[in-house]
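Each structure below is given as structure tokens.
You will see subunit A twice below: alongside subunit B first, and alongside subunit C after that.
Moving on, here comes the complex of A and B:
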């Protein structure tokens, strides 16, 4: 009897956990949908609010002359894209398209926004992921080297974090380009999408990010160094480096993991600048040129996509959290 | 054990990153000399489609579309797809004879029907610049037989054939235009040119590959048959300094638009420099003649007299950018009038006298002139980055400074691309000064820029909003004049008229410049707009 009841109890616990898990998942999905809908709406409204007339912009870009246009000239464009529909109708049409997975057609390139973004996405993701990996390497190396050391060393470490975190990406990018590509000639000037070309752009993203993560990791790191389990590890005869990497880093890295989720979004916006400086293709550059061309479907498409990446990144961060800190799994 | 798994993954990830970086570095170090079959050309702006009415589109479509005629270095139209042409007595019918045996790269023939179709396609909006050139004159085009096209005009246009040499008039496959999607015709137009569009990696480059069956070079090309190089890697590099550095580092074989400040340095580096002064409307500033303060002719004159334009352009342009005094057409345009160009020299005393006489005789505490409590103020938006480059912006800043001396407050407003194209500063109530150029091969551009705007036939390209029947009539007579000397005299009269009424003033001539590596020979600038021609280009050791 006891055996059966304990099995039942375990079963009901499992059901309870599954229900809680299911509810948490449902809340997450709803939250994600709300975020995406908000981003899509904000992007749409921002574009509608831009001064000037979209049909004129479409015509002028095709013509290469910026001037006023007659209604007759603009009529085919207005018809083709439904630009004279009430804004609400345009909005519903747009949201309806999103629900069907249709991001619309570019005003300028006459092709589906999906194709356009798909073509550019890989280059940007490669850049941002390389940037994040590099920033982790820089941050871990620098914090491990300097945190909790004697006075001056430690101060220099913290100061470098602060300075790095505050470096403006445009300035940093130009500086790296000037020094390493133009002056020293170690890297190509026109990086393009090639593998060689990625290091300087990735560094431009990684250095401020490493500084930013370093700031939050450092305090935690120094706090952890004083914990009893660190002392006991040392007493077991573990070397300093091994203690730092194996025990301390694991505890101290949680804030940086959280920041990485945020960083994925931040580096994608940072890519806008970096792609311009280094003449790389990517969605950042696509976004800039689409804003310039008032190509609304492309702008909103990129915004929705970046929002989606944010959402996915945050889910991944939650998972990483539970993996690193096993207490979260049982609680 | 989760922790060790994470650590392993982290270590693996960082190791992978390190490895790829090392690989990247060694690859950079071992970069072989460039492939002799590929020209790497760094251009500046990337268009949205490869064919259209913008000069950036003309530059690239020239590589893969042939025109009916080509302009030679003397400004004469010479055969290209067309062998010959003739004009009827009344000047209303042009008969154009095509070369036989030429095919588009989709295999369809370049015949009279396809050519006639292209005319109607441009006029229907397929090319908005071709459309304004033909507007007011073109009536119809018809195929008489396989290789003969007749173009009918509603009134004579003496330099009609010359106009057809700009790449806006590149001939495309009728079959491609009719059967393919807009997207396909945007991405890879089909012509009969020396190269074909192979691939467009947006944001990065266009790969053009040789048309091995090419038989139709223009009469002013330097060889026959297919091009020498197999591929052109046409990159888009917006930053001038990056383009120049790429040339110096040997990464690019040719680059477009060398910033004036880099010119001497590139020259000393042993690179071949090409400079083409664009004919047509120069970089000029027109006055909005419909509202105060520039609705008064004397105030317009005073503004021009306030400026030492020559000095400004020389200072900013390092002697590379030519000063242009003529507000109507540039010195590279046939029929250019020197008198109109020299009408206004720097004369602040005269400027002050004119302003005093016009009632702008008080100054406020900042030194700006005031009349009836109104400040002498002018809104001057300019299209930064799209139509006006960095050198142009510096020139406008100097204009602003100098005009301040005589008491003008100039509000210089850089306009971002999205506002530029949406026409944010294009209406009579939005600006006082407007800068801009418009390339053309002859003074017929005057008709486009100065024709009156009417209810039935508005002309928003008249950026001075200056509707003057007399000026329009002079220009129309010039366009239709049978004799070239008569025509030039009439175009001269129109330029004098524009100078007399001070409706616009010139600043500098727009340039099209190229820098070419000594490894690459045979690059030249085509004569209709100054874009690069790679058909004759080949590598030398």
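Moving on, here comes the complex of A and C:
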């Protein structure tokens, strides 16, 4: 009797857990769709918001000079971009295109936006990921060395975090270039391929991000160092470094995992600046010249891509969370 | 009232805190350079001297000279006013937008607060630089665009803060007390909630000012803000880029000035915030 009731209870608990898990998943999916839809709508509105007559603007952006155009001249452009359609129809066209992977057509070059940025995206993403990996290495090493140590060590640690987080990439990039390439001569000044070529640009992205993550990880780290399980690990005779790396870091790294998902977009846009400093291939040059020429489809194409990457990154963050914090797997 | 609070916060801690002393001195110097550049600059900003082009920093030219022999220190000093105006303009736009959006999200009806709250979160998730680039491409590159683009892009972060402040002020004991005394919702809002939610924004404004100048200079550095004939700090960076190998000081020093400004503004802001929190 008691046996069946407890089995029933366990079964109903399992069902309840599945329902809750399903609801959480559904909320996540809805959240992701809202972000993507919001970004797509903003991208469309931005294209509509171009001041003046759009057909004339597109013609002039393409020709590179601003002047009045006759309706005959503009007719092919009105036709090609569907500018005579009602706005709602244009919106539906745009969203439909995005769903098929069509990011629009460049005003400047009359080529699909995907052709312009697609081939360069890999270089930018490689740089971005290298920057993020490097920032984790720097942050973990620095926080493990300095957090929770006596007096001065701790203050210096926190001060370095704050200063590092405030360094703008355009200045840090120049500083690293001067010190390591010009002064010490350890790296090639421009270009350079493979690991050597990517190290300084990645470091430029990594240092501010490491400082930014370090600020929140440090607080969590110092809090965790006071927890009973840390004391018990020490009482079992575990060394300080392995306590820090195996027990404390696991707890303290959770805020940095969240921040990494959030910072992915910021790191990609930081990469745009870094590419300019180190003359690296990537979407930077295309994007900056598109912004200067008001070539909106290229800019909004990057916006939509970054929103999509943001959504993917946050799914990965969720997965990383459950891997790090085993309590989430059962609840 | 708030200004006096802020001043008291700065002076009462200054004996203890070297970072704050250094930040305050830097802030005074920057304000002086913006107000009376002619007094601080050793040369006129446009004085050409082709025979002393691209000279490294020396006693005669502490920051070195550019490709047509202009003194970089003088150019930095004369660029301060424009840089600060852009920073103040952008930080002002950001905070006004943040107060409007944050209040709507915290005080609006169910639908308004849900929609505005969601909007703030979605835009906040978006990288500031990319948002600013999107706005520049709509409005076309110019100094005004720079102000608007940086102001609007940084607003969501501050809007979240304002919403949080108003929500916590709404639930505070003194609001409970005012309600128990029978005060109406508008009176409570005007006399209790808003003043307490907005006072911390003095500190936020200082931080926003530093951030605005960093972002605005980033746009200039990319060639999408104030153009090089101007000596706004970001424009100096952009102009120096072509000479990064022969004359690295042309980019290094304006960048350093921007970083010092941002650090000073952030330090002053956080100290004001801390002492306001302590006072309450």
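By definition in this document, the second predicted complex is superposed on the first by the 249 of 331 C-alpha atoms of A that agree within 3 Å, B and C clash if a C-alpha of one lies under 4 Å from a C-alpha of the other, contacts with A are read in each partner's own complex, and residues count from 1 in each chain.
The working rule: contacts are C-beta pairs under 8 Å (C-beta built on N, C-alpha and C of every residue); 3 or more make two chains touch, one makes a residue touch a chain.
Because the structure is predicted, anything quoted here is derived from the model rather than measured.
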Touching partner for A:302 - first (subunit B), second (subunit C), both, neither: second
Contacts of A:59 with subunit B and subunit C, given as first, second, both or neither: first
Touched partner set for A:294, first subunit B, second subunit C, both or neither: both
Dominant contact partner of subunit A by residue count, subunit C or subunit B: B
Which of subunit B and subunit C A:98 touches, first, second, both or neither: neither
Partner chain(s) touched by A:50 [first = subunit B, second = subunit C, both, neither]: both
Which of subunit B and subunit C A:276 touches, first, second, both or neither: both
Subunit B versus subunit C as contact partner of A:120, first or second or both or neither: first
Subunit B versus subunit C as contact partner of A:130, first or second or both or neither: first
Partner chain in contact with A:268 - subunit B first, subunit C second, else both or neither: second
Interface residues of subunit A shared between complexes with subunit B and subunit C: 50-51, 177, 182, 189, 276, 291-292, 294
Subunit C contact footprint on subunit A (complex, rising order): 34-35, 38-39, 42, 46, 49-51, 162-163, 166-171, 174-175, 177-178, 182, 189, 262, 265-266, 268-270, 272-273, 276, 287-288, 290-292, 294-296, 299-300, 302-303, 306-307, 310
Partner subunit A, residues of subunit C touching it in the complex: 118, 122, 125-130, 133-134, 136-141, 210, 214, 217-218, 221-224, 237, 244-245, 248, 251-252, 255-256, 258-259, 262-263, 266
Of subunit A, residues touching subunit B in the complex: 50-54, 56-57, 59-70, 73, 76, 108-111, 116, 119-120, 123, 130, 133-134, 136-137, 177, 181-182, 185-190, 192-193, 195-196, 198-199, 245-246, 250, 275-277, 279-282, 285-286, 289, 291-294, 320, 323-324, 326
Sites on subunit B touched by subunit A in the complex: 2-3, 5-7, 10, 13-14, 17-18, 20-21, 23-25, 27-28, 31, 42, 46, 48-49, 52-57, 125, 128-129, 181-183, 186-187, 201-205, 235-239, 242, 245-246, 249, 251-252, 383, 386-387, 416-424, 426-427, 436, 438, 458, 460-461, 463
